[in-house]
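Listed after this line are the structures, all set down as structure tokens.
Paired with subunit B in one complex and with subunit C in the other, subunit A is shared by the two complexes that follow.
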Partner chain A sequence: MTINIDDKNNENQVEESSRRNFIFGSVAAAGLTIAPGVMLYQTAGARSLSDFSLSEKASSNVRWGMLVDTTKQVDWNKCVEACNKEHGLNNETHSRDDQKTQYIRVVNVKNKGTGYSMSLPVMCQHCENAPCVDVCPTGASMKRADGIVLVDRHRCIGCRYCMMACPYKARSFVHEVLTDQTENTPRGKGCVESCNMCVNRIDNGQLPACVEASEGAIIFGDLNDPQSDISQLLAKHGSRQIRADLKLNPGVHYQGI
Partner chain B sequence: MKKLHFIEVEGNTKGFVTFLGLFGLISLIGILSAYYMEHNGHWVTGMNNQVIWGTPHVFAIFLIVAASGALNVASISSVFAKTTYKPLARLSGMLSIALLSGGLVVLLLDLGRPDRLIVAMTEFNFVSIFTWNIFLYTGFMGVVGIYLWTMMDRPYNNLTKKAGLAAFIWRLILTTGTGSIFGFLISREAYDAALLAPMFIIMSFSFGMAFFLLVLMGSYKYTQRELGDYIVNRLKNLLGVFVAAVLYFVIVYHVTNLYSADHRDVTIFILAGGGIYTFLFWVVQVMMGSILPLVLLYGPAGNKRNMISLAAVLIILGGLAQLYVIIIGGQAYPMQLFPGMEVSSSFYDGVVASYAPSLPELLLGLGGIGVTLLLVTIAVAAMKFLPISLSDEIANPHWN
Partner chain C sequence: MGLHLNLSLHKLPFMLVGVAFIATSSIVNAGQSELGPRVTIPESSGDKCILPASEMRRRHPDLLKHDRIQTLREGLRANADGSMLDGSLKQCVNCHAIKSDDKYVRIDNNEHFCVSCHKYAAVSIDCFQCHRDIPEGSSNFHALSGTKKHYGNVLPGVYTLTNKDVANIAPEVRSDDN
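Here is the complex of A and B:
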């Protein structure tokens, strides 16, 4: 299960996204391990690591996505904890609870008619037609070629229009000066932030933190590669997207909702 | 009709300096409040991750909407060739620039990073309606500026009609753009794309005229210039029509939404179950801000200046309430992640968000009004915006 990102069609993508990737200070990755011994993608072996521009990982051939199986009996709070740890969240000292940042949260859903209830983790859905990207006046809210939606916090002016536009309530505004930050996720007062699919980890060939903590209930992979685990599972079992009626085509899929 | 004379307001009087100081102080307090919020971060405000735009936005949008409406008088005079309004066209154009400036100051100072203004002015995403609004706002100032110039510089008087038409078209687009900021948000049930933009246009007529009348009557009163009933009564009748039109549109808007599956729940929330928002809607917006002013304006004492002033103030308060309900009520209503289901989470999904304006937010909003009035005060003293007299003898073309 490999996909080749050393592709001529990609050349024009490189230009566009090189600046963007630079922001995240990522380094070239050689492959992505989804389980010991299993590579999700491999870079072309013929080239040495230094041949790769920083952007080539954000290839438009790839669309990263997730499949959340809500029927699995896992404690979703573990995912939340892993996320908070990875990105250094929950370090606000002044903000009220409704002002604190949450990249991922556990949502409890109950059908009033039948009494059936369930829980599921909700984070930025990494929409293909992302309204948060469309409305952002400065282009700070952006979608990488590989489908990951994130905020360039050096460009964000804190107008919060993206938060108004997101139907999933996926974004948070940093309401205070933050100290004690993790190296990978710079966060700043007055800017908007949201789940970035652990872009720092992905670009390093690791899985997103929540996926790692999910005990297999969240599958991460390339939606564009029909051979990837996630595509195979989606093809076999189908899935649902939250508010699919809005036609934003989220990259996060769910089973059992 | 006697000849019209424009002359600057005397700047060297106690009254003038008092107003300058007062409006300057209100502006300064607003700016200091913004600094306080900026310095600490928005945790000191009532805003949160659900109610993202708070009281400053209510004031900012109000001022921007009113700005376009304040241009009405000039448009009627230049575009629709009603000579009665010609003496007021300059004030109308100038006030619209001042209102827009006040609104933009508030909008800017409420950004998370106002220091990055330069980013907003250099990096554009042309898909964003926000970006277009930046151009609409700056362009509006330019177009109205040119329009004013053609009015005030005699050799260019013949261009006034064309410039006036350009400004008229521009203001309609501008208000549509402002309304569209909300109209395009599919995420929020409260905002209906089709109806919001035209409603904003009608609202602009009413808010802008109310503001215009207050500024007109105030400046003539405090400079002891004569302002006849002829012009004031025409304006107040127009104001009444606009208020009634807004009310009519509000009814259509809510009734339509009651029949639309997508908007029914949030409409019922606003009209019946929304606590403070329901109160603001019925009591402040509808009763105090629409019906009472109509009674005052068309009642037996409707020609009295005090009544007209009171009505205009009520219309402004009602307008602020209306925008509060639209902007903040619309956000407080929970987003529908799973329509029809009961939803809860640590992130306040499924619950009506709590929001109470903090003092600095309110002061920043009021600061925007202060900036507007400060600019008006400076402008009338610096340039020839106000006719020396608007007595009926001068203002009424049929006077004999």
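Here is the complex of A and C:
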């Protein structure tokens, strides 16, 4: 993989600003260009998820992202179920339904004028400029080097500023004592939590649970790698980000909304 | 003045008893190597722990804290050779889970490995408010074998805390890197 100035100029013709930002980002990540076509160093090229291992630190060469194709007629509740199973969610016994933790919400939208309706899964959008990370007073809300936004429950004091800051309503607060958590997703009373893109699975070279359950409607991959499936699809078909006007550059892209 | 003297004389027997009591108790303490009630170290599965027991007693909080930062914030979940990190709470639980009537005992039970000692030491831990307190069927690491083995240097049984142990509980283990 070689990216030089010429490539960059060509790709600038992609209309979408977010796409353009992303291309600039990947050029910066690919290496320092001292002259067109001459690279001081370059990244390793396409790496599949299975190349990553538990013994490797999260790297800023990678930015994990998802592309949700809402035009595919998929029952998004299957993804929610897979998510609940993976993270041991929905085990609250005292909380009201609107208090229970949701990592993925299925949002139904309808155009009253035309009658067109659709549904889409909305989870943590893993913003590049995450407002939840900005507002957290303890540093519990954090962005990992590979772009995954997480809550460090060791530091979370449950103040819920991040829930107010998040424009996607992606975070939940645990209101009651929990038992029988899963091994890989420790969660408990008094902490805020949200979709963590299944970090434990990614670190182990596996796809996130919702991606596996989505029958191909959610594509997962490295946004920084132009050779990855997700980057190729984004380059070919474009995408939309929810509330792109906020310029948070979410890692979750949508098609068909 | 006379009144004062009278009062003092009146108290003298009590004072003597008090002095005698302090003297005898310190003599008894000096000759005693065991302190307080007894603590039970339960059996564990697995061949050996990552460090000798005396080291684990001192350093387990540090190990856990250090590696939780590596795991969560840096995404490093195993050593280069694929073995688990020293401070993997998951692995602690996998080896040290206690079974009673063929069921794992939960954290609210005094027989739970961590509770058995922490209750004795009156140190409350909140790890298990979030973390799973018993092994899970599907584990990234080796599954708990059905047979219980004694591991390393600590044999299961009843132990008492000695003066040496108390001296061993060093203040530096309470370093708060968080």
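Everything below uses one rule, namely that the second predicted complex is superposed on the first by the 200 of 257 C-alpha atoms of A that agree within 3 Å, B and C clash if a C-alpha of one lies under 4 Å from a C-alpha of the other, contacts with A are read in each partner's own complex, and residues count from 1 in each chain.
The criterion applied here is as follows: contacts are C-beta pairs under 8 Å (C-beta built on N, C-alpha and C of every residue); 3 or more make two chains touch, one makes a residue touch a chain.
None of these values were measured; they are calculated from a predicted model.
**Q** Examine A:D146 and indicate which partner it touches, taking first as subunit B and second as subunit C; both and neither are also allowed.
**A** A:D146 contacts subunit C only, not subunit B.
**Q** Could you figure out whether subunit B or subunit C reaches more residues of subunit A?
**A** B
**Q** A:E86 in the overlay: touching subunit B, subunit C, both, or neither? Say first, second, both or neither.
**A** The answer is neither, since A:E86 touches no partner chain.
**Q** Looking at A:D229, would you say it contacts subunit B, subunit C, both, or neither? Reply first, second, both or neither.
**A** Neither partner.
**Q** Scan A:P167 for contacts with subunit B and subunit C and give back first, second, both or neither.
**A** First partner only, subunit B.
**Q** Is A:E183 contacted by the first partner subunit B, the second partner subunit C, both or neither?
**A** second
**Q** Once the shared chain is lined up, is A:R155 touching subunit B (first), subunit C (second), both, or neither of them?
**A** both
**Q** Quick check for you: in the superposed arrangement, does A:C191 touch first (subunit B), second (subunit C), both or neither?
**A** both
**Q** Where does A:N108 make contact in the superposed view: on subunit B (first), on subunit C (second), on both, or on neither?
**A** In the superposition, A:N108 contacts subunit B only.
**Q** Once the complexes are superposed, what residues of subunit A are shared between the subunit B interface and the subunit C interface?
**A** Overlap of subunit B and subunit C footprints on subunit A: residues 155, 177, 189, 191.
**Q** What does subunit C use to touch subunit A in their complex?
**A** Listed in rising order, the residues of subunit C that touch subunit A are 68, 72-82, 90, 106, 129-132, 135-136, 139-140, 178.
**Q** Could you please specify the touching residues of subunit A with respect to subunit C in the complex?
**A** Residues of subunit A touching subunit C: 53-58, 142, 144-146, 150, 152-155, 177-184, 186-189, 191, 199-200, 203-204.
**Q** Where on subunit A is subunit B touching in the complex?
**A** Residue list for subunit A touching subunit B: 92, 94-102, 105-112, 122, 131, 133-139, 155-161, 163-169, 171-177, 189-192, 242-243, 246, 257.
**Q** Using the touch rule from the top, collect the residues of subunit B that touch subunit A in their complex.
**A** Checking each residue of subunit B against subunit A gives 38, 40-44, 47-50, 52-53, 111-114, 116-117, 119-120, 123-125, 127-131, 134, 181, 184-188, 331, 335-338, 341-349, 353-354.
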